[in-house]
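Below, chain A partners chain B and then partners chain C, in two separate complexes.
Moving on to the complex of A and B:
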């Protein structure tokens, strides 16, 4: 895999090859094989090697055909793609300015802003969901405040496709800001000052000097967010509409409520397919950074 | 920085803007939940609660399902963290200190799960558990949560073991200390704080793990977050959910106290591929 190219693990101090090391790492490695690698392979086999009415099994893509031909499955896939795209764009629009501010500010407020931006990391998404309903739900805090000044109530995003979008953006702000901020560390003050000296405006500075240097971090942040959002479960399950639903709740319902593991696993393999490029890119970036 | 900048920018309007917006969006919703938890009566048109009090703390804590799910969550998180420590710490030591065939590829194999969307992977694992009759069992949930802790419980301790000063260990060996004594008295105290952080991370992460517990465990294994989902969906009394939220936040608060410095350091973001 890409990981080996990086070869980032420092050479072990003991140069003698000692197979006892293999023994010590055996249990976690076997767990990875049994509970990550094997389920993925098995999921692919299981969904194309289907039982036949005669009792045997044969090669068939009928479960994938069912997914593609079923309007409800297609609607769920498109709402998932829509949510993921909107969240990725919103995350960049929200987090890039915060990260830029934190990188270039020397004000005392910066520490407070950074503290707040990271805080959602310490709020479990289940508490976030509850807070969302209490604030933006029917008769929530926003309604109370509007009502007290004589304005009409809002059209609540709770149980609409915007519910999961707001929740997922909130939840993903900390890591997006941290990843972007870490990337902005690569932009040297000298480069900025040099560009300013030749008269570059704020926008030119951002476009020609800063963005090219953080494009990789932006891709990492987006990949991480896409992997998390595409198959998100808790927030869409609680805040989203009952139909169409995102892939996470859809898979859960197909597996547990409809007792249809074959179709649930087909849906899982389809989410793998949509995310594989982001996943490989993300894993490669993590492996590259692993320089102990 | 220099005073010229201060003169050029007397008021940090951008900072004030971000501070105000983030306070409204991030702090206020949580304060609303906190207020609900200490409210006896709060009917619609009133902006502030009609009556504050602890009535619903007594009622929530008198519920059997709350206590059984607290016990379940703590038992699960402790079991998973202990098993994870027992199998991962020796492996981390081996990765840091020994050379063996396939060391690099095995080390990076723990990343495999992170290349896939998490819930899709959980469904694929659930497909395996279905054949093994592990759905709806305690050990099924332990296994699925254990997988989630492997990467952190190996990568963080490896870094800790590698940062231990080898010369001190060699000096101790030279004056006749046994390998175990060296490990106990030199290696562990130096690597200890980082390993403790990994343990805390794994405990808190497991405590809040909702998706695996819901997919594999429900309805037989009911953890605190799973109970919270049913409170949100089916419980008309708002305060039960609010009180449970405050209870549920305690481990996160502890993690916040210990981990804030780690999170703010650049190396943390690097661990996520930044």
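Moving on to the complex of A and C:
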């Protein structure tokens, strides 16, 4: 037997396992194609392949023209973008200090803080909404407490653009804290101590050592939050203003109350477009930041 | 001129664990002192207290007479090299070294000059633009050393800097680090649990145990004249025999040796190279194993009560398993109540 024959009798294990591996990934890939990719393509086709008065169908972008020229639709998109941006900034401002505290604190209090930060994850949005109304709504707990000491009522954020902002920030705190905390786990104590050893104070440590090391985690956390907030429904529907409204309630109302599926799907495709843009930005940034 | 003074320093951790117990030491200008001891002996805690990463529960730490006991690490005139290098992987080599200088607001030209000079000093000239992840373990450790040296600290602290490197690289680097330390003339405190490192690099060795000092001496003195049975057993290979002395004779099983001390229990310490072995039947001991290292041989010998001894021989081929031998120590130390009571030289 020659060496070549011997080699031919012993194929690489990866080659033998390849069909099994492909079969294993085939199921989720087919599900994604069926349940996600196809509905997206189908929705896009439905918004540009519109019925004509003659009973046929033709290529048209009239539904997109309507969205762009309609001041109310534009206002809804604007309020959605505003809410998403404000929530992203507030989440970073609120969650980064919490995550930093949890990562670097040795005290027993840290365990309780972590518990509190994760708690909103177990509270359904509907309960959160009613709690919000009971506390911050008109004649809510805060108003009652202020009234009991003779102070005027607060200007309630309920049914204003700040209502969904407060609710969505609260709802997204657990996931954001957990992602940031996992990123901070990559910053070793010795890297921190080495920076202090060469003279870095608290701000220099945060700016030059910690933030560059967790930039990917910040990006992931904000991406997750933004993608969720952009298409949020329950909290904006219950806590937000009737007009303008965020894209989630807008789509639902256009579809169910106005019986206008074409415009509802157009709104969905536009929402998807913004989300995919942010998704692509996130993927590009993560790939760029990855250490070679 | 930089002198490090550690006076009666104690460190108590929450829960009552005493990591360092009334430790005192003075490191002279330009001296390299090794803190040597097993895991848990308190040597790293002591070094971290000097670096400012732990606060002493009691005592004083001073550099050139200035009390730095409560000073935060960023304000101390010390530079620390960590066991895991602790380089910042998001910065290249130049930025790693320049970071501390930038914090001191030095002009860019001065920073460039200092960084390039220190890179030359550690043998990494031209490596400034490399990412630290592209460097080998040895090169990373040199960058870590350069990062400390570039700030010209008064005291250099080395926390087991070679622990993560392979044996060959470790031996080469310890020679290089010693050369650099002597060239720069920097006062250095070095933590290690490797006795070879301590013996080959240090001006003085502090042998630590349970947070306290067992012995502080020059490496040759620590090796040849250990003051306690712990030091004798910890530094190098040592035969430690528990036995009794009666009428000036130490006895353990079939082994006996004249020992001019008062009667009572004693621990006899004999280096393998100071134990002469001669074939004899039945002999005081039996050869259990012969190991030939090429340059010399090492015999594992068993006394009748299964006490194991080691002896170094120049011709290991003469010996075989089961052979009877007589034992004649050329130099011994004896201990009682954790103190040396007798010492003879070869």
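Miscellaneous remarks
Please note the rule applied: the second predicted complex is superposed on the first by the 242 of 292 C-alpha atoms of A that agree within 3 Å, B and C clash if a C-alpha of one lies under 4 Å from a C-alpha of the other, contacts with A are read in each partner's own complex, and residues count from 1 in each chain.
Throughout what follows, a contact is a pair of C-beta atoms (placed from the backbone, for glycine too) under 8 Å apart; a residue touches a chain by one contact, two chains touch by 3 or more.
The shown structure was predicted, so the numbers you read here are calculated from the model rather than taken from an experiment.
Once the two complexes are overlaid on the shared chain, A:170 sits against chain B while remaining clear of chain C.
When the shared chain is aligned, no partner comes close enough to touch A:64: not chain B, not chain C. In the overlay built on the shared chain, the residue A:198 is in contact with chain C alone; chain B does not reach it. Ranking chain B and chain C by residues of chain A touched puts B first. Of the two partner chains placed by superposition, only chain B is touched by A:141; chain C is not. Within the superposed three-chain model, A:82 lies out of touch with both chain B and chain C [touch as defined at top]. When the two structures are aligned on the shared chain, A:188 is found in touch with chain C, with no touch to chain B. Common to the chain B and chain C interfaces on chain A are residues 292.
Those residues of chain A that touch chain B in the shared complex are 1, 3-4, 6-7, 9-22, 24-25, 27-29, 31-32, 35-40, 42-43, 46, 97-98, 101, 105-107, 109-110, 112-114, 116-135, 139, 141, 144-145, 147-148, 170, 175, 178-183, 185, 217, 220-221, 223-224, 227-228, 230-234, 237-238, 247-248, 251-252, 255-256, 261, 264-265, 267-269, 271-272, 275-276, 279-280, 282-283, 285-290, 292. Note for the complex: chain B touches chain A at residues 1, 5, 12, 14-16, 18-19, 22-23, 25-30, 32-33, 36, 44-47, 87-88, 90-91, 93-121, 123-128, 130, 143-144, 146-147, 150, 154-155, 158-159, 162, 166, 208, 210-211, 214-215, 218, 225, 228-229, 232-233, 238, 241-242, 245, 248-249, 252-253, 255-256, 260, 263-264, 266, 268-274.
Put simply, chain C touches chain A in their complex at residues 51-53, 72-75, 78-80, 82-84, 86-90, 99-100, 103-104, 131, 133, 144, 147-148, 151. Within the complex formed with chain C, the residues of chain A that make contact are 188, 190-191, 193-201, 204, 208-209, 212-213, 291-292.
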